[in-house]
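After this come two complexes, each holding chain A, first together with chain B and then together with chain C.
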Partner chain A sequence: MASLALKNVTKKYGNTVAVQDFSLDIQDQEFVVFVGPSGCGKSTTLRMIAGLEEITEGDVYIGEARVNEKAPKDRNIAMVFQNYALYPHMTVYENMALGLKNQHVNRDEIHRRILEEARILSLEELFTRKPKELSGGQRQRVAIGRAIVRHPSVFLMDEPLSNLDAKLRVRMRAEIASLHKKLQTTFIYVTHDQTEAMTLGDRIVVMNNRTIQQIGTPDEIYEQPQNLFVAGFIGSPAMNFLEGTLIQQHHTVALQLENQALPLIPHQGKKLLEQVGSSGRVICGIRPEHLMLEAAGVASTSSQEQHHQDPSRQSEGISSSITGEFAGLSSQISLMENMGREMVMHLQWGTDRNLVIVGNRELTFQEGQQVRCQINMEKAHFFDPVAGTRLKF
Partner chain B sequence: MVTRSKLPYLLLFPTMTLYGVFFVFPFLYSLFISFSEWHLLTGDMTFVGIQNYRQLAGSHIFKKTIGNTLMYVMTTMPVSIVLGLMYALLIEQTKKAKALYRFVFFIPVVISVAAASLSFSLLYNARHGLINQVMSLVGIQGPNWLNESKSALLALVILGIWQSFGYNVILFIAGIQQLDKEIYEAAAIDGLSPFTRLTRLTLPLLSPVTFFVFVMTTLSSFQVFATVQILTMGGPNNATNMMVFFVWQEAFKFFNTGLATAAATVLFVATMILTLLMVRIVQRKVHYQ
Partner chain C sequence: MNQHRLTGWWIHAILMITAILILIPFLWMVSISLSDYGAVFQRFLLIFPTSVSLEGYRQVLENSPFMRWFFNSVFVAGCLTAGQLTLGVLAAYAFARYRFKGSEPLFFFVLCTMMIPPQAILFPLFMVINAFGWVNTYQGVIVPHLASGYAIFVLRQFFLQIPRELDEAARIDGCHGFQVLYHVYLRSAVPAIISVGLIQLVRNWNDYYWTLVVLRDSQKMTLPVGIVAFRDETLVQWVPTMAAATLSVLPVLVIYVLGQRYFVQSHVHSGIK
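Coming up: the complex of A and B.
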């Protein structure tokens, strides 16, 4: 078990920068997830921690020791690779034993450790099989088993579930979470899947374009995205963005969107006006579950929205809840996707502008229907359209 | 209208016809000739039973050619495989000029055997050859390479290694490039030393390529002919007489076609048995992924 620190770490391949000025402190036993799109530098950062890539600038500390020049084997880490990287000509048992043999651990101790860890991962039946005789999930468990028998201070996992089918991925995700609880060791996990990041991480590091975009708990990342990239990357379906201009309407402030205006909540408008320049341009971000549809004078809320509303508001009924902090936008349903548990609806408004809303699948709307989309402005996020940074209110 | 059941046979027909005409028929016909006395010039053919095989069994020269061929195979094959693997590993570890090295080592494969043999005959020249001149610089009196019984076979072996080793280098390089780099990263984290990585990972993982190289080099070594004909004509005193050269000599020099085809049949059966044995025994140690 160990804490880990990266201080101003940069990786360059010739003139190409792969990771830029990456700094992060990871606590002992913490589960940290690096998430971001392909090519953002998350795997390179993990590989620098493992010692598989040289660090161009900056320092990496495992525990108290600076490990920049240490070989991977001397860093007391274990890594699970995307393609498992099992030794194909060796049995499961030999795969798990090879690293320990190399550390000159005695044979009885090796056997004891392998049996112990194999029990956790249900690998006992597979000892004599070779990797080609195993399913994807079994290979993944062997790769994890090979890592845990070494009793490392830090576990590094590089997109370990990306080769598994959707069902198995969900199961293995739960197994990794429970493994972290059992082992109580520091985990660093790389993924491009924001669901894995949200469900597994104590903290999430969102990366894009070789740099850190935001570090925070899953709630912080979801509720308070610090820029447009994080807001758009985390959450599925992705956050809706409405670009418009703040205008003064009598005593209130509204967001002018083409020929429609959305009135803001009083405290939002005042603070936003102070932060935006003379152009008044802002981007309003709103998650699909914070939108509601209204037709023929009756509003139907999304299932999530009903869940998130406070009890007093629910008791007031749906129709009355769309007054106050809600603002309406005239639109048309262009596509409805039945996801089983819920319905994802694509709305078109203005000149070819789109909104996505997640709703209850029992809703009676139809494709092509004219609706009024009610936006819960209390849940809205505002961003500077030029810098992409979050505007506080 | 071709029925579904006949279609596979129809598709196979052109290939099977070519195979039958150029492989099966010549083999069966040569088998038939091996039991006959057939004079190439007159065309007279007489069935003689196993007389040709009896003659081969009693032939001192044929026994000598078998010995020479086995000696040639048992030296050329392992050395060219080991050297090929070694150089492939070295080339793949170099960071610069990989393409140049590959090109240099592939030259022997594309040079014609005749040109290579003539070049080597100059190198082997007892008086003016480069090899003996270099040896004389360190005070060693080089042999008369191609004209002494002790050195002539060695001279052919060296040329054989030079010819096959470049091809083996390219095959091994292709094999090494196919190896999963993540496995080596896992090995680095497991702390495997370079030697352990070679013995526990690279060699076992390359075993399918090594097996292929082993079979191909063995078979091509058994069929050595052109270098013998150009450099030594089987001499001196049959010291470099090989099985294929014996067949050629008996058929086209002495016109003992029956005896030549009997020898060719023996060579065919021997190489077939050897290949089957290699597949049975060696393939057990090959790790297919």
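Coming up: the complex of A and C.
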């Protein structure tokens, strides 16, 4: 068990920067997830922690010790690779034993530890098999077993579930979460899958373009994305973005979107006006579950919103107006995707602009239908369109 | 489907013709070695001997230091193959996994050694071993050919196919450079190493020119050079020559048959998705 710190870590390959000025403190026993698109530098960062890549600038500390120059074997870490990296000519038992043999642990102790960890992962039956005789899930469990049997201070996992099918991935995700609880060790997990990041991480580090975009708990990342990238990357379906201009409308402030205006909640408008420049341009971000559809006499919304809405509002036709925290936008349903549990609807509004809404699948809308999309402005996020940063209100 | 079968039939026909063309000289050699002297000139192509005689084999084993040449060949070919594999594995590992200054030009140089015909460097090489005083010695035969460009090239290509993650997993598991080489590369590359070893062994066993140039003493000769002793300026003794050739081919043939499955066997990807 150990804390871990990265201080201004930079990785360059020649003139190409792979990771820029990465700083992070990880507490002992914390589960930290690095998430971001391909090529953002998350795996490179993990490999620098492992000692598989040299650090160009900055320092890595495991516990109190600076480990920049230490070989991987001297860092007391274990790593699970995306493609398992099991030694093909060794049995499951031999795969698990190699690390301990290299540490000169005696044979009885090796056997005891392998049995103990194999019990946690249900690997006892597989001891004599070679990797080619195992299924994907079994190989993954062996790879994890090989890592935990060494009792390392830090576990590093590089997209360990990305080669598994969807069903197995969900199961293994739960197993990794319970493993973390059992082992009470520091975990650093790299993924491009935001669901894994949200479900597993105590904290999430969102990366893009070789730099950290935001560090926070899953709730912080989801509820208060610090920039447009984080807002768009976390959440599925992704957050909707509406770019417009803030205008003064009587005693309130509204967001002018082409020929429609969305009135803002009073406390939003005032503070936003103070932050935007003279152009008044802002990007409003709204998650699909915070939108509500309204047709003649019928309302649809996400299950969360449906519980909170005022029944008296359901058939109201709101035109560029505000009722409570909701503001309406005329649009047309262009595509409906039945997801089983819910319906994902794609709306078209203005000149070829799109919105995605997650709705209750029992409600009867049809493709091509004209609807009003009600936006829960209380849940709206605002961003500077130039810097991409979050505007506070 | 029918066209597929037809294509398969043609391929099989071509393969069979090729196999027959390759087998005929071999069968011819065995047939002559089992014939008596007169029968050799009776027909042009003697695939099956009219009468079987072991006289040629008796003559080879009794009238020449055949067994001495045989053990000389085992020693020379064995040392050469072992050396070529050892240096080949080490060099291939370095070229495949280590980035060092000048590695690419150096590898190009290794490739160049495969492109130059051995006869072209026969004389300069002889000058070198002569300067060392190694003429008519086994080190003169062995040392100049201990590094094989072919072995380095083939093993490097094979090592490059081994996923780097295996290498990294071994390093995290506490292996140092040579342990990584052993646990990951050598054990994964057994089929490749055996197939390269077999090819090199056959080449080394059959090497004629270099041994002929270096060795003078009849007792030091290897089989390919020794076999020529059955010929002089006026007469080629075909039956003992072919008997000696058949005997010299047999060990290689046995090793080749035993090891041939490794040519197609490869299991390195089984630990990787």
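Here, the second predicted complex is superposed on the first by the 375 of 393 C-alpha atoms of A that agree within 3 Å, B and C clash if a C-alpha of one lies under 4 Å from a C-alpha of the other, contacts with A are read in each partner's own complex, and residues count from 1 in each chain.
Everything that follows uses one rule, which is that contacts are C-beta pairs under 8 Å (C-beta built on N, C-alpha and C of every residue); 3 or more make two chains touch, one makes a residue touch a chain.
Please read these numbers as outputs of a predicted model, since none were measured by experiment.
Three-chain overlay on chain A, with chain B and chain C in a clash. In the superposition on chain A, contact is made by A:132 with both chain B and chain C. In the superposition on chain A, contact of A:163 is made with chain C only, not with chain B.
Contacts of A:250 after superposition: neither chain B nor chain C is touched. Applying the stated touch rule to the two superposed structures, the overlap between the chain B and chain C interfaces on chain A comprises residues 50-52, 71-73, 77-79, 81-83, 85-89, 98-99, 102-103, 132, 146, 150.
Those residues of chain A that touch chain B in the shared complex are 50-52, 71-74, 77-79, 81-83, 85-89, 98-99, 102-103, 132, 146, 150.
Chain A makes touch with chain C in their complex at residues 50-52, 71-73, 77-79, 81-90, 98-99, 102-103, 130-132, 136, 139, 146, 150, 163. In the complex of the two chains, the chain B residues touching chain A come out as 180, 182-183, 185-193, 196, 200-201, 204-205, 207, 287, 289.
By the touch criterion given at the top, residues 163, 165-166, 168-176, 179, 183-184, 187-188, 190, 267-273 of chain C touch chain A in their complex.
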